[in-house]
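Some structures to go through are shown next.
Look for chain A in each of the two complexes below; its partner is chain B in the first and chain C in the second.
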Partner chain A sequence: MSTTPTLELQGVTRRFGPQTVLDRVDVSIPSGSFTALLGASGCGKSTTLRIMAGLDRPNEGAVLLNGTNVADRTAHERNVAMVFQSYALYPHLSVEQNIALPLAMRHLTTLGRMPVVGRFAPGSGEARAKIRRAVGEVAEMLGLEQLLHRKPAQLSGGQKQRVALGRALVRDPVLFLLDEPLSNLDARLRVKMRSELVALHKRTGRPFVYVTHDQSEAMAMADQIVVMIGGRVAQAGTPQDLYERPASREVAGFIGTNAINFFEPGSAPAGLHPAAGSAVIALRPEHISPAAAGTVEARLETAEYLGSEVVLALRAESGAELRAIAPGNYAIPAPGSAVRLGFDPAQVHVFDAASGQRIGEAA
Partner chain B sequence: MRRLSIARREALTTLWLAGPATLAMVLFIFLPVAIVALLSFTDYQFGATTLNWTGLENYQRLLGSTLGQRAITNTLLYVAIVIPASVALGLLVALGLHRMTGWAPGLAHALRAVYFLPVAATLVAMSVAWQMVLHPSLGVVNHVLAALGGEPRNWLSDRGLVLYTLAVIGIWQTVGYNMVLFLAGLVAIPPELYDAAEVDGAGGGWSRFWTVTWPMLGPTTLFVLVVTATNAFRVFETVATLTRGGPAFASDTLVYALYREGFVYFKAGYASAITMVFFAFLLILTFAQIRIVEKKVHYR
Partner chain C sequence: MIRKFLGRAVSTTLLLVGAAAILLPFVWMLSLSVKPRDEIFSTEISLLPSRLEWRNFVVALTSTDVPLFLWNGLVVVVGILVFQLLFAVPCAYALAQRTFRARALVFGLVLAGLLVPFHVTAIPIFLGFAQAGILNTYWALILPFIPTAFGIFLFRQAISQLPAELFEAARVDGLSETAIVWRITFPLVLPAATAFAIFSVTAHWNDLFWPLIATTDPQLATPPRGILYFRDEESGDDVGPLMAAALIITAPLVIAFLLAQRKFTQGLAASGLK
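Then we have the complex of A and B:
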């Protein structure tokens, strides 16, 4: 593996009229990585992807592909593949033709692409055979062999998704860009497609850039997550980095299945952290649980039994709300009773009250 | 009072909602068509109290006489010119204006209104304007032609020219309507498809058009074709106001002949036969368009 990242955004700024959508964004996509661009809707993650693809141009900053500036290259010339949220399949073409289109555009002349006349275009027979072989391979990889002659309107959401992936795979691009590809699928299929995407990433060895607003998707699939907030990169790192050492209060709030507990200055339960008087303290629910020798005391308000665990909503003496997680076999006391909670001091995060930036090293 | 079952009540609602319109359709469309169909086999004249059964005589007269044949061939020629030209021009103008909205929205809106004007204007009034424009000695067209070194023509009284002149006016009148329909179709194309086409290497002007724009306009094009065809077949106002089918029936069309035979000569039987032939043409054309094109347009 070379040390040059496959794709690099350097100080990319994008403005639409008076509105700055991207503000000096730096992103580096190492070769062979699976990067998730994570953020709420409107944070600029899709614009970032479009700039990577060449569908949009930055107002300032550079886009480097394998070290060369590709500002003046179209999406096709960059040879990046993109999978769209709506799949963007051509409705008038069959599955086979949809997948073959990028190759047809590359290997056939305008005459050769024509429906009937194309057969007689010089040299097109060989190119057609090559394309058919490539499409066949991709279809087999994605389990689409039986559907090759159908039109997109006759496919289910999951099948359309595969065709869209097939169209991306068939041309062997240098980079795959995926714009919320799973968001239109139902929950069960989404989880299944996740592992298929990861397997596909392993198989191709090409870098994937995956835009999502779902932190669990990003955590499950990516080896690098770029959290974007308000048009800026809030933090970039491995899923562990983001979970264990969130760089800011916003990142901490974004990452994690269970919403993290925040305590404004002065409201934290006694004994949580010495800086609690002047800084924001954060602690994930999974890191605080009922313990006989615990140092934090709170009253139980409600409990949600989830089978493997129990999510407790409590109120500390300071008045702060607090959520904690107990194991599934925890005997839930009556609401209103006092519960002693123990926590792992290493997992307590401290953020500056004004800027929201992380203070010190807690991990 | 006993409550009706749900199925019964739903049936009543359906009847109540669809019934009046169905009745009106039967009374005012199907019944008259049936009557006209029957009349076409008689020698009935308006106002007469008797009529004789003449079988296919009216049809033989229409299809067998030079005059009848000319009305049919004139109409077909007119339609054959107006449909492709006004659809193609409508699409071209729509593509241009659609692109223009990107960099000059104000100008694009103004131009759209200008193109639509002939559709909104009364064709009879516009015919007067055309008469002035095409006037052999005073008209702008001949003046411009003369200035360019061409030979002035009698646009409306030259037997070889008049039908083409009328066709051009017909195109001028329908381009705006087709343009508006195509513009609506263009707006409805999902932008991701253009993005996908660009990523796939079909981002250039032509391949973009053939890969995304044209296929996605399929349903619109079908509708535009059907509407243009029906309108072209019905050409009447320009003929009636500008040429009265002349000179020497060179611009006689089916609907104008129908008007002349039925409302000038009161030959209701013969006019009915013309109506039925006209109706048959429209039906065949529309049916063919829908059968051939619809299969290729809705992509199922």
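Then we have the complex of A and C:
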């Protein structure tokens, strides 16, 4: 495995009229990695993906593919594959033709692609056989053999998703780009397709770049997450990095299944952190829980019993709202009663009140 | 309830009267085309002939140039349609799915072009063709209609309904822009193309104005132009064969329209399933 990343964006800026959508974005996709581009809608993650694909050009900055600048190469010349949010299957072509189209464009001459006449073009017989074999292999891998002659309109969402993946796989591209591929599926199918995608990634060994606004998807699948906020890269790192050492207040708010507790300067419960008077303190609900010897005291407002755990909404003496998580067997006291809470000091995050940037180590 | 029934009865009656008024010449043509000569000029009006006179059709098809007129009509109409599609679909694709400088201006010009009647440009085109020496050729009948603002507009509207991701997927799959137009876009706007073909074919099959200006050669006469020769010279007042010829000339259009209409609704239904 070479040390050159498969794809690198260097200082990429994209403006649409007066609006700067991407502001000096640096992203590096190591070979064989599964990278998630994570961000709220409108943060520029899809534009980043389109620039990687070659569907859009940056105003400034470089796009390097295996170390070469590919700024003026089309998506096809870059040999990247893209799976679109809407799947973008060709409605008038069968599943087989949809998957075969990229290969037909590559292996057949203009004459050979013509309907009927094409069969008599020189060399098209072998090429056609080759394409049919490749399509067959991909269809088998994705379980689409029975559907090859259907039109996209006759497929379910999950099946369309597979066809879109098949169309990407069949070309053996250097890089897979996926734009929110699971967002149109129902919740159960989404979880199932997640693990299928991860398996597919292992099998192909090619780098995947996966755009999503769902942090749990990114955490579950990726080995590298690039968090984008307002057209900039807020933080890039492993899921653990992002969870344990968020670089800014926004990243901390974005990552994690349970919304993190923020305490504005001066509002944190006493004893949480010495810098609480001048900085923003953050603590995840899962890192603070009821404990007899706890140093933080708060009044219980509501409790949500979730089976494996209980989510407590509390109010500290300082007036700050606070959420904590107790184990499922916790005996919930009456609302209004005082609860003592213990926390892990290593998990307290401190952010600069003005810039929102992380201060120091995780104490 | 009764009021509703009365309302419907009145509107239906009005529609029937209107339809009858419009259909009457057509029905009369049909009736005359199968009437023997002596019945055509009889003083009493009867819609049905006493016997069917097939000789009218035989005369029209064998001793006149009607087959030639039909052939000319076919060449002109197909030529116009093919070239119109060849240029209008890529144009419309560019206007709908590509961004380039002055796109809005170009589209504005297309819209402005919709407002200019053909008769305004007929004389300059005639003078130009005379200079180029292509009057009295098939090209003189075909060329003026190839740039079609209506076609570009119609296809542009249809293509802008298609999702942009489809075209991006095609680009990623390695299709050139030309390939995108013909392999992806055109099949997807086939219902619009059918509608356009109906308009185009009807307008140019029936057109008398331009063939009358651009051609004088009877060998190039399109059906409506041909009927004029027919009446003036060959049959004189032989109305029976004239009506038979008119029927023969109208029939392909009516049949084609009925077939295309079915295809047209099929196309609409298929796109509704998506």
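Here, the second predicted complex is superposed on the first by the 362 of 363 C-alpha atoms of A that agree within 3 Å, B and C clash if a C-alpha of one lies under 4 Å from a C-alpha of the other, contacts with A are read in each partner's own complex, and residues count from 1 in each chain.
As a convention for this text, contacts are C-beta pairs under 8 Å (C-beta built on N, C-alpha and C of every residue); 3 or more make two chains touch, one makes a residue touch a chain.
Please read all numbers here as calculations on a predicted model, not as lab measurements.
When the two structures are aligned on the shared chain, A:A313 is found in touch with neither chain B nor chain C. Applying the stated contact rule after C-alpha superposition, one finds that A:Y90 touches each of chain B and chain C.
Once the two complexes are laid over each other on the shared chain, residue contacts for A:A353 go to neither chain B nor chain C.
Shared-chain residue A:V80: touches chain B and chain C both.
In the superposition on chain A, contact is made by A:R167 with both chain B and chain C.
By the touch criterion stated above, A:R106 is placed in contact with chain B and with chain C alike.
Residues 50, 53, 55, 74-76, 80-82, 84-86, 88-92, 101-102, 105-106, 153, 167 of chain A lie in contact with chain B in one complex and with chain C in the other.
Remark: chain C residues 163, 165-166, 168-175, 179, 184, 187-188, 273-274 touch chain A in the complex.
The touching residues of chain B, when paired with chain A in their complex, are 190, 192-193, 195-196, 198-203, 206-207, 211-212, 215-216, 218, 299-300. Here chain A touches chain C in the complex through residues 50, 53, 55, 74-76, 80-82, 84-86, 88-92, 101-102, 105-106, 153, 167, 171, going by the rule given at the top. Per the touch definition, chain A reaches chain B in the complex via residues 50, 53-55, 74-76, 80-82, 84-86, 88-93, 101-102, 105-106, 110, 151-154, 167.
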